[in-house]
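These notes open a run of structures that come right after.
Both of the next two complexes hold subunit A, though its partner changes from subunit B to subunit C.
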Partner chain A sequence: MQFKIKKTEFLKGLRLAQSIADRKSTMPMLANVLLKLEGENQLLVVATDLNVSLSAHLQSKNTGEGGITVGAKALHDIITNLPGEDVEVKRADNNWAEIRSGKVKYRLVGMPDRDFPKVPDPTESQFQNVDASTLRSMIDHTLFSVSNDETRFHLNGVLFESDGDNSRMVSTDGHRLSKIDKALAGGPKLTAGVIIPKKGLLEIKRTLDGIAGNCELAIKTPFLFLQGNDIHLAVKLIESQFPRYEAVIPKNNERKITVDRGLLLDALKRALLMSSETRGVKVSLGEGQLMISSDNPDIGEVKEEIEAQVSGEEVSVGFNPKYVVDILSQISTETVSVEIGGELDPVVIRPSGELDFLGVVMPMRI
Partner chain B sequence: MAGNEVQREIQVLPDVLVNQIAAGEVVERPASVVKELVENALDAGASHISVEIEGGGKTRIRVLDNGVGMSASAAELALQRHATSKLRAIEDLFGLGTFGFRGEALPSIASVSKMTLTTRERGDGTIAANQIRIEGGTIVERAQVGAPVGTCIEVADLLFNVPARRKFLKGEATETSHITDVVSKLALANPSVHIRLKNRSRTTLNAPGHTNYEDRVQAVMGTRLGAQIEPVCGEYGGVAVQVFLGAPDLAQSTTRGLQIFVGKRPIRDRGILHAIMQGYNELIPRGRYPVAVVLIETPKSEVDVNVHPQKLEVRFSDPQLVYAAVRQVVRQGVLHAPWGKPDATAAEGGQMRVIASKTPPGLRGDMPQEASALAKSYAREHAKLMLPWGRKVRDEAPPAPRAVRSKGSGPSQNALVANAPKEVEVKASATEMPLPTAGKGSATPEHGSEFFGSLRYLGQLDRTYLLCEADGELVMLDQHAAHERVELDKLLSRYREGTMPVQKLLFPQTIALDAKQATAAEAHGEQLAALGFELDDFGDGGGTMTYALKAVPSGLRNAEPEAVLRSVLDELVRTGQGRAIDEIVENLLATVACHSVVRAGDTLSAQEVQSLLVAMDSVDFRGAAPHGRPVLLRIGISEIARRFGR
Partner chain C sequence: MALRHILHVDLDAFFASVEQRDNPELRGLPVLVGGSGGRGVVAAASYEARTFGVHSAMPMSEALRRCPKAIIVSPTMGRYQEASTAFFSILEDFSPLVEGLSVDEAFVDISGTERLLGSPRDVAREIKRRVASEVGLIASVGIAPTKFVAKIASDIRKPDGLCIIGPTEVLAFLHPLPVKRLWGVGAVAQEKLAGMGLHTIGDVANYPQNILEKKFGVAQGSHLYALANGHDSRSVTGGHEAVSIGHEQTFSSDQSDIAFIENVLLGQCDKVGRRLRRHDLRARTAVLKIKYADFKRVTRRQTLDDPTSDSQVLFQTVRTLLRSLPIDSNRGRAGRVRLCGVSAANMENRHGPRQLGFHEEERAKGERLGDVMDKIKDRFGDLGLTRASHTKPRD
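Showing the complex of A and B:
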C-alpha cells in the first residue's frame, strides 16, 4: 500500500482529524488516524473518538490497496513541517509507515487498519442543503452557555430544533441560558429537538469554517451527519431530555432598560477587574442611569454610572459579570434591552429591536 | 414442621441455666470478668485492688480488695441473681454512683466457672472470713478461713462448663492484652485507688493511689507517652470535661488509644469520638485516631447507664451538649498544646529541642545555645529539680471560668503562665530546658506571638522549603503549605463575616434524599441557606424525598453542587451537628486557597519570605496545612550538635 498526495490536500483532512483523535483515551487506537486507499485516486482519512467521527475524501495517487493507522498528532505535525509540495506514504512491514518528501524520510510506528473502529455510516440518511454560515452563527450564539458539568449530561450540549423552514438552538448550564431562532430553509424536519454535544459542535464549527455556501445536513438519531468540502462528520447526539427552557424565560419582566451595548460591556469588563470568581457585580437601576459596582476586600472597589433608558422601580441585582459579558459579546446591535423582574428573578438580555436572540441570566445573591 | 412434631411444653428455666444465659451477655471474655470484679471492688470502697491473672485469665483470675467485705449471709445472697446492694428503686438508676446495679455479674460468672469467694466484713469483730466455693453455679463448699478485711474472688477455669463458648476465646496474649486494657481504663478512671495488675508473677501495671489525674495518666500510659500528653479541663453547660490529649504524632490507626469515661465509667460513644476528632481537626489525618483520655462528668440524672449489659454505652439526655463540651475543650487544648505545631522530628524519638523563644533575656545567657555536655546535664538536673515546683505554680494559677487550664507536665507552656505574675513567668520558663524525654512535646510559641516574624530567614532549600533560624533551633517551613494556611485563614474570616455569595439556578435541580438526609436538611435549613444551598420540599415517594435545589454557593468552582450538598448532609446525619457545615466550608475554601498560593518550585525572595512569615503570625495557626500535612519542622541546635558529635 502506497500513495502520493499534495501536502495541502493531505493537511485539509489531517487538521480536522488530529483535533478529533483522542489522545487521552484508554483505547490507543483512538489517538490514531486511519489512512485508507479507495480506488486509484482517493485517500480516505478517518479519525474518531467514538462520539465524533470524521472522514475526509482526499485526492491522491494510489498504488496497491489497504490502509494503515498512525498517530494523528504526529502525522499532522510531520506533514506540516515537510519541505516539499508532495508527500509519499508507504506501508512497510510490521505496520510501520514510511513518509517521504524531497530528501526527508520519516518512519512512524503504526497499528493495523483492521483494528480501527467502524465509524457511523450516513448512506441511508436524508441529507438536506442548508446555509453553512447560518448554522455557524447559531452555534456561536449558544455554545458559550453549554454546561461543563459532566454529571448533567443533558446540559452538555445545544438543543437543536428545526421544522424545515425555521430552526432554533438553545443551551443552558443552569445559571444562564441562550436561545437563537433563524430561518434555515431546507433544514431537517424534526418532530422533537435533538441535543448536539459540545465537542461535536466545536468540530462542526471547524468543518463549517472551510465551507462557503451550503453544506449538507442529516439527522438520523442517534447521529447528526454533516457533509461539505469532501469532509464527512458524524456526531453522536446526547440522548436525553433537555429541560423545559421556555418556562424559565420570563415574558413580563416589569423593569425595562435600554442601554448602549458597548458602554455596558466595557463597564462590566471594568467591574470584572474588581470581582473574583465568587463575588459578583451589582447593577442598580436609577433615574436615567445604571450604577455598576463591585468590591473585593483584597483589591478594592469600583463604581461606574452609565446612561440608560430605565423604566420601572429602582432595584439592585447581583450578577456573575462573566455571564452577562458572554451574552453581550454575541450581540452586534448598538443597544441592548435588559428586562429585570425582582431582585432574584431571571433577567432577559436581547439585542434591541431583534427577537432572534436572547440570553437569560440568573442573578446572584450578594 | 414436619420432622419436629414433638409438642414442647413451656417451662420456667432453672436458675443455673438463666445465669448461664445471662453470662453470655456479661461474660464475653476474661476481660469482662475482670471488669465486673474490679468494679465490684470499687463499689465496695476499696483503696487497694490487686488483679492477678494466669493464662490470659482463662486459667485463673483473682481480684483482691480491701473494701467493706460482706457478711456470710450477704455473700450467699450476692450469688443469687438480681441480688444487689446498689439499687433499691428504679429511680435510683438515674442517680447511680456505683458501677454495678443489676446484680447479675456475680451469679453469672459463678455459673460458668469455678469460683472461690472469700470475704470478711469490716467491723465484724471476728478474724474469720467466710469462704464459699461454687462450681458451675452450685455451691460445693462453705468454710471459715483466715483473711484480711475485704473480698477476694478467684475465678478459675472460666467457661469450663460451656465448651462451646470457651473455644471462642482467643490466645493467651490476646486475652491478656484485653485484660490490661480493661484494668488500665479502670485505673485511669479511679486515680485515688491503688490498682495493680499481675500476670503470673510479673507486675504489669502498678498505679499507686494518686491525688490527681495527671500522675495517674503518667503511671498508666507510661512516661514516654505521658510526656506527650496535654492535660486540659473545662466546663460547658454543666458538663465538666477533663481531657489528656496525646500529641498528633502518637495517632494510631485504631481508636484503641482513645479512652472515654463518663462518670468514671469507660464507655464507647461514636458521637464523643467524633467530637474529639473535630477538636483535633486537621492535625490528625483522616483515618487515624489520637491517643487521648477523656473524662466527662455530667449531673448523674443526665445519663442513662442502663443501656448496655456490659455498660459499655450510655445515653445522655442532651447528647449535643456533651459533644459540644468535649469538642470545645479538646479544641482549646489542641490550640494551646505544646505540640500545636507538630514536629516530625519528635516522632523519631530521643531527640532534644531547646525551647527558649520566650525565655527572658536574663536566662538566655545562662543557657548556652550550643548545649555542651556539661550544660546539658546541668539543664537536665536543673529542670528535673524545677519540675514539681513548676507544677505547683501552675496549679495555683487562677483558673479562668470555662477557660482552659493546662497543667503540662513537660516544660511549661506560655499560654498558661501568660496571666500569672511576671516573676512566675521567669521561673516557670526555667523549666523550659532541654529534657531528654519530656523535651519532645515541649512548648512552642503560642498564637498571636511574633514567633514567625522573629525568625531569621536563612534561605530556600530545593525551592520548596524555607530555612529559618530561631533561638536555639532550625525551623523549616513548607512554603506552599505555609502560604496556603495564610490564604485559607483570609478566606475563612471573610466567609464568617457574611454569607457566601449565592448563585440562583435557572432550573431547580431535583435531588432525591433519603429520610435521614431529608431530616438533616430540614433541621439545618438555615445554615444550608447561609452557605448558599436553597432547598425546597418537592414531595416524597417510596422512601425518598425529593427536593428542589434552587440556589448553590457561587464559590464552588468546578465542584458539583449536588455532590457537595450530599456530603454536607451525610456529615450532618453522621454527627447530628451543624458544625459539619463549617468544616465543609473550610474544605471548600481550602481547595480555593490551594490554587492561589506559591507552590513548591517557586523561587522566593527574602522580602517575600519575610512578609509571609509576618502574615503567619496573625493566623490561627495549628501547624498543619489545610490538607493535614505539617507546615513546619523544627530541629534543636542541641540535636544538630549531637549529630556533629560536639
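Showing the complex of A and C:
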C-alpha cells in the first residue's frame, strides 16, 4: 500500500482530523487517523472521537490497496513541516508508515487499519443545499453561551430548529441565553429541535471555513451530517431534552434603554479592569445616562457615565461583565436596546431595530 | 477566660504503622522506615523496634546495631500523605479549630461542643475509633486546658493512649516530670537548669521568676515559669483559608461494584457539603479521586457552572465523573477500586456576590435543604438523620 499526494491536499484533511482525534481517550486507536486507498486516485482520511467523525476524500495516486493508521497529531505536524510539494506514504512491515518528501524520510509507528472504528454512514440520509455562511453565523451567535459543565449534558450544545425555510439556534448555560433566527432556505424539515454538541459545532465551523457558497446538510437522528469541499462530517447529537427556553425570555421588561454599542462595550471592558467575573459590575440607570461602576476591595474602584436614552424608573443591576461583552460582541448595529425589569430579573439585549438575535442575562447579586 | 478543652491527637509510629497496615507480613515485626544507605536516618520505628531502644532520627546504622533483625522499608510519601489527609478530615468533623503540627499530629479545640458532641472523653474515644476504622491507624490523645499540657498528655500513655488532665490536676501532673518536657528546653537549657538544682518541672515552678528571667533572659525565663505553672495562653489557630475540602476512604476489600462505590461517594459528598456550609463556602470545582487495586491513581475534576455547597450537586457531579472511568471486575486489579474520595476546590464565600440563574429557586432549595439537614445533625448527632442507603440492617 502506497500513495503520492500534494502536501496542500493532504493537509486539507489532516488539519481537521488532528483536531477531532482524541488523544486523551482510553482507546489508543482514537488518537490515530485512518489512511485508506480507494481505487487508484482517491485517498480516504478518517478521524473520530466516537462523537464527531470526519471523512475526507482527497486526490492521490495510489499503488496497491489497503490502509494504515498513524497518530493524527504527529502526522499532521510532520506533513506541515515537510519541505517539498509532494509527499509519498508507504506502509512497511508491522504497520510502520514511511513518509518521504524530497530528501526527508520519516518512519512512524502505526496500527492496523482493521482495528479502526466504523464511522457513521450518511448514504441513506437526505442531503439539502444550504448557505454555509448563514449556518456559520448562526453558530457564532450562540456557541459562546453553551454550558461547559459536563454533568448538564443537555446544555452542552446548541438547540437547532428548522422547518425548511427558517431556522433557529438557541443555547444557554443557565445564567444566560442566546437565540438567533435566520432564513435558511432548503434547511432540514425537523419536527422537533436537535441539540448539536459544542465540540461538533467547533468542527462544523472549521469545515464551513473552507466552503464558499453552499454546503450539504442532513439530519438523521442521532446524527447530523455535513458535506462540502470533499469533507464529510458526522456529528452525534445530544439525545436529551433542551429546556423550555421561551419561558425565561422576558416579554415585558418595563425599563428600556438605547445606547451606543461601542460606548457600552468599551465602558464594560474598562470596568472589568477593577472587577472580576466573580465580583461583577454595577449598571445604574439615570436620566439620559447609564452609570457603570465596579469596586474591588483588593484593587480599587471605577465609575463611568455614558449617554443613553433611558425610559423607566431608576434601578441598579449587577452583572458578570463578560456575559454582556459576549453578547455585544455578536452584535454589529450601531446601537443596542437593553430591557431591564427589577434588579434581580433577567435582562434582554438586542441589536436596535433587528429582531433576529437576542441575548438574555441573569443579573448578579452583589 | 472560659475553660478550654484542647485535644492533642498524635498518630502512633505513623510511617511505620502505615507500612504495617498495608503489608500484613510486617505486623508484629520491628520495622524501620528510612533510607538504608550508609547515611540513612530512621524516619519512624514501629513499637516492636522501639523496645530495642531504637527511635526516630537515629542513624540507621546505630538502629541496626541495636536491633539487627529490623526490617527496613523505604518511605512511600504518597501513602503517608493520603493517610494524613484522611486523619485531618476526621479531626475537622469535630471542630473548625484544627491546628496541624505535622503530618501526624494536631491540636483540636473542642471547647463549647459538649452539648453537641458529648464530653471530651467521648470525643477523644470517637476520634480514636474513627481513625482506627477509617484510616486503619492508632491515635493517642491527650486532653487538657492548654496546648502544652495536652501535648505531654498524649505522649505519656503511648501507644494507644488516652489521657485526660482536668484543670485541677494540671500541676500535680506536670510537677514530677523532668524539665526536658518543657517546651523550649533542649540539651543546653537542661544542663543550665541542672546546674541551678532544677530537675523537675515542679522545681522550676517553685523557683523565683525574677532569677529565672535573669539567667535565661526575660522572654525565655518568664516562658519557662509560666509553662511550669500550667499557664499557656496560646490558642489553637485552625482554619487558615482551606484550599480544598475533601474526604476519602480506603475500602476494607477492593471493589468493582459501582453501586457500592457510589454509595460511599454519596456519604463523602454529604460530609464535604456539610463542611462547606459550616465554613460558609461554595465550591466551583468538584474532584473525584480513585485509586485502583494496582495503586494507579486517577483524579477527575469538573468545574461547575454554579458554585455550590449542595451535597446532592456534588454527588451528581462526581457520579458522572466516576461513570467515565473503567471499573470492571474482569480487568483484575486494574479494574478494582481500593480507595475513593471526593473533594471540593476553588472555593468562594457563600455570602459573597453571586451570579443568579434562570432557575434560582430550584438551586437555592438544594442549599437550604443542606442547611436544614445540618441543623438536625447538629442537634441530634450524625445518626439523627441518615440516608436510607447508609443504614445497616438490624441484626
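The rule is simple: the second predicted complex is superposed on the first by the 366 of 366 C-alpha atoms of A that agree within 3 Å, B and C clash if a C-alpha of one lies under 4 Å from a C-alpha of the other, contacts with A are read in each partner's own complex, and residues count from 1 in each chain.
As a convention for this text, a contact is a pair of C-beta atoms (placed from the backbone, for glycine too) under 8 Å apart; a residue touches a chain by one contact, two chains touch by 3 or more.
No experiment lies behind these values; they were computed from the predicted model shown.
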Subunit C versus subunit B on the shared subunit A, clash or fit after superposition: clash
First, second, both or neither for A:Thr26, with subunit B first and subunit C second: second
Subunit B versus subunit C as contact partner of A:Pro297, first or second or both or neither: first
Subunit B versus subunit C as contact partner of A:Asn252, first or second or both or neither: neither
Subunit B versus subunit C as contact partner of A:Ser147, first or second or both or neither: second
Touching partner for A:Thr123 - first (subunit B), second (subunit C), both, neither: neither
First (subunit B), second (subunit C), both or neither touched by A:Leu344: both
Which of subunit B and subunit C A:Met364 touches, first, second, both or neither: both
Colliding region between subunit B and subunit C, picked from 20-28, 254-262, 272-280 or 290-298 after the shared-chain fit: 272-280
Doubly contacted subunit A residues - partners subunit C and subunit B: 148-149, 151-152, 172, 174-175, 177, 248, 278-280, 318, 320, 344, 346, 362-366
Subunit A-facing residues of subunit C, complex: 302-306, 316-317, 320, 326, 348, 352-360
List of subunit B residues in touch with subunit A within their complex: 490, 494, 499-507, 509, 551, 553-555, 557-558, 560, 562-563, 592
Interfacial residue positions of subunit A with respect to subunit C in the complex: 26, 147-152, 172-175, 177, 248, 278-280, 318, 320, 344, 346, 362-366
Interface residues, subunit A side, partner subunit B - complex: 148-149, 151-152, 172, 174-177, 243, 248, 277-280, 297-298, 318, 320, 344, 346, 360, 362-366
